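This report refers to the structure that appears directly beneath it.
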Amino acid sequence: MLLNIPLTQYLFYFLSFVALLCGLMVVFSKNPVHSVLYLVLTFFAIAGHYILLNAQFLAIVHIVVYAGAIMVLFLFVIMLLNLNHDSEPHKNMLLKGAAVLAGGLLLMVLTGSLKGAETLAMHQPLNTQVGLIKNLGTVLFKDFLFPFEISSILLLGAMVGAVMIGKKEIK
Amino acid sequence: MNASNTPFDYFPLILMFIVAAGFVVFTMVVTHWLGPKRKTKIKLDTFECGIESKGNARVPFSIKYFLVAILFVLFDVEVIFMYPWAVNFKELGALGIIEMFSFIALLLVGFYYIIAKKALTWED
Amino acid sequence: MLLVSTFIIYKSIVCVAAFAVALGVAAYSTWIERKFSAVLQDRKGPNRAGPFGLLQPLADGVKMFMKEEIIPNVSNKFLFILGPSLAMLTACMTGAIIPWGKDFVAADGTAYALQVTDINIGFLYLFGVVSIGVYGIMIGGWASNNKYSLLGAIRASSQMISYEIAMGLSIIALIMTTGSLSFREILNQQDAGLCNFCYQPLGFLIFFICALAETNRAPFDLPECETELVGGYHTEYSSMKLGFYLFAEYINMFVSSAVLAGVYFGGYNFPFAKEFYETCGIAEGSALMSLIGFLVYFMKVIGFILLFMWIRWTLPRFRYDQLMDLGWKKLIPLSILNIVVTGIVMGWKDIVALFN
């Protein structure tokens, strides 16, 4: 094996550091465009994590869909806003409190679900080939066929919704 | 599966990134040094066909572009879903074809709705 | 198995070489473009710097470096610099997955691929980088804080994301026939028999149109439409920052030519290659074979670059609504049709068997 385990561990810590730092910067930067760019960097760090787990398809989907599509949409939204003053207007205390509460609850749910989940023994994640597109496709189109077809209905619903909202504004 | 499907395949991409980023940073610094610096206030104004610039470009633009972006996200997800199928096309056989064609049929229903609602019509 | 240190050195050399070739071709594409347009318009073209004006790209580069760097007062300075850097960076990163020739086997039996890296999901990597490329233009145009730049940037990004879908769809039909996303595998599959173009002519046409649109080449160069938008998203840019935007366009053109030539026209393979190598006595895996493969591939790429230019100097520019109509209402249904037809033709036996 060309890649020995300590190196992947260094990479893991480096990527986690980048992801966390950029995640924090998303929240703390004053300029919303900077926030979007930091979020893109966070996505890249997470894609790096996927690659370390040899989930290659997931990694590239993460970049194409999240960094390449959804964040472009975010950037469009931010550019649609009137950004004459770069900093955000101050929210009142009630909103801030609600935000902290919602965030805290989300954190609780996440920690709870992570604690409940069984920890997979991943001694040799490099040798696993489940994350490759070919194996993933077999699983997706044989075992998870029903959720896949349902997802197309979900996307159809999203399309209809988007058109409804978008066209209403024009009239 | 051949042996080359490891995360290590991505290592040369890091090298490539270092080469490209190094070149970009180097060029940016050099061009900053080399060029003359005779800055005047008018020169640093934004260009507006020679007349004095009024206001700035932090203005909202047409929502149609936004609609295109949101539809792009949805279509992008659908397209990504097709890749694992296309790679496995020969193995999945007829059932795979039927599965994907029903997926495409639903996609086309949405597509027809978009066209019928004139969401992508630019002149109205 | 290679040693790690040798591996890193070899890959670094390949990286630098791929990068240098991309830059060199991009630089000389500007020269070819000017000469080519001169031929089409019955002019002489650049002929002062060196013989046939061959040193013109160098002179242009020096000029770009020596020009004053202007960052408008009202712009967002950091993002203003980041824009062209990102455009250049993404343009350079796309070239990493293109295999330039057959593997060269050294005396000790280790194979050296003429490719930065061959990844399992090659095509999706390409799409990933292309979709990141939108940021370079969008951020640059927005950070300039100029109305023309903003309009140009929004036009460019809208256009690029629209054609990305048709591009992704057109490739799916090809992937169905190859069963792999890896570039090297797709190229190696074409070493005998017909090239993929013969199986996927419609897919090729759609991909080619989308490549034109993605690289913002005429007739899809609306983002920099002078008559409406002055200079488009790079109105405020000067010196090498402007150079980066222009350069990125040429590198993108080079890479998309390489993808087209490789994926649809066999890349380093050519008709009767096996017979040719046998009669000339060139051994499998020798340096000469890699070199011939590279030259053949390179000729095809140059051919595509010339085609890009021919189109640019022949066709008038689209109107924006025509552009959007073409992308959404024509290319997407066409590429879905292509997928359906390919699926039925290839899986006809299975379908018949299912109903019997």
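Just so it is clear, A, B and C label the chains in written order, and each chain counts residues from 1 on its own.
As a convention for this text, contacts are C-beta pairs under 8 Å (C-beta built on N, C-alpha and C of every residue); 3 or more make two chains touch, one makes a residue touch a chain.
The model shown is predicted, which means the values in this text are computed figures rather than measured ones.
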Interface with more contacting C-beta pairs, comparing A-B to A-C: A-B
Chain occupying the middle, per Cα centroid: B
Approximate Å spacing (C-alpha centroids) for the pair chain A, chain B: 17
Inter-centroid spacing, chain C versus chain A (mean Cα positions, whole Å): 28
Of all residues in chain B, the ones touching two or more other chains: 5, 10-11, 56, 58-59, 61, 65, 69, 72, 76, 80, 83, 87-88, 96, 107
Where chain A touches two or more other chains, by residue: 2, 56-57, 61, 64, 68-69, 72, 76, 79, 132-133
Touching two or more other chains - residues of chain C: 119-120, 124, 131, 142, 150, 154, 157, 161, 181
List of chain B residues in touch with chain A within their complex: 1, 5-8, 10-11, 56, 58-61, 63-67, 69-74, 76-78, 80-81, 83-85, 87-88, 91-92, 96, 99, 102-103, 106-107, 109-110, 113-114, 117-119, 124
Touching residues on chain C, where the partner in the complex is chain B: 8, 11-12, 14-16, 18-19, 64-75, 81, 85, 88-89, 92-93, 96, 116-120, 123-124, 131, 142, 144-151, 154, 157-158, 161-162, 164-165, 168-169, 172-173, 175-176, 179-181, 230, 235-236, 239-241, 243-244, 320-321, 324-325, 328-329, 332-333, 336, 339-340, 343-344, 346-347, 350-351, 353-354
Chain A to chain B touching residues, read off their complex: 2-3, 8, 51-54, 56-57, 61, 64-65, 68-70, 72-73, 76-77, 79-84, 126-127, 129, 132-134, 136-138, 140-142, 145, 148-149, 151-153, 155-156, 158-160, 162-163, 166-167, 169-170
List of chain B residues in touch with chain C within their complex: 4-5, 9-13, 15-17, 19-21, 23-25, 27-28, 30-32, 34-39, 41, 43-49, 53, 56-59, 61, 65, 68-69, 72, 75-76, 79-80, 82-83, 86-90, 93-97, 100-101, 104, 107-108, 111, 115, 120-123
In the complex, chain C residues that touch chain A: 1-2, 4, 7, 76, 79, 82, 119-121, 124-125, 127-128, 130-132, 134-135, 138-139, 142, 150, 154, 157, 161, 181
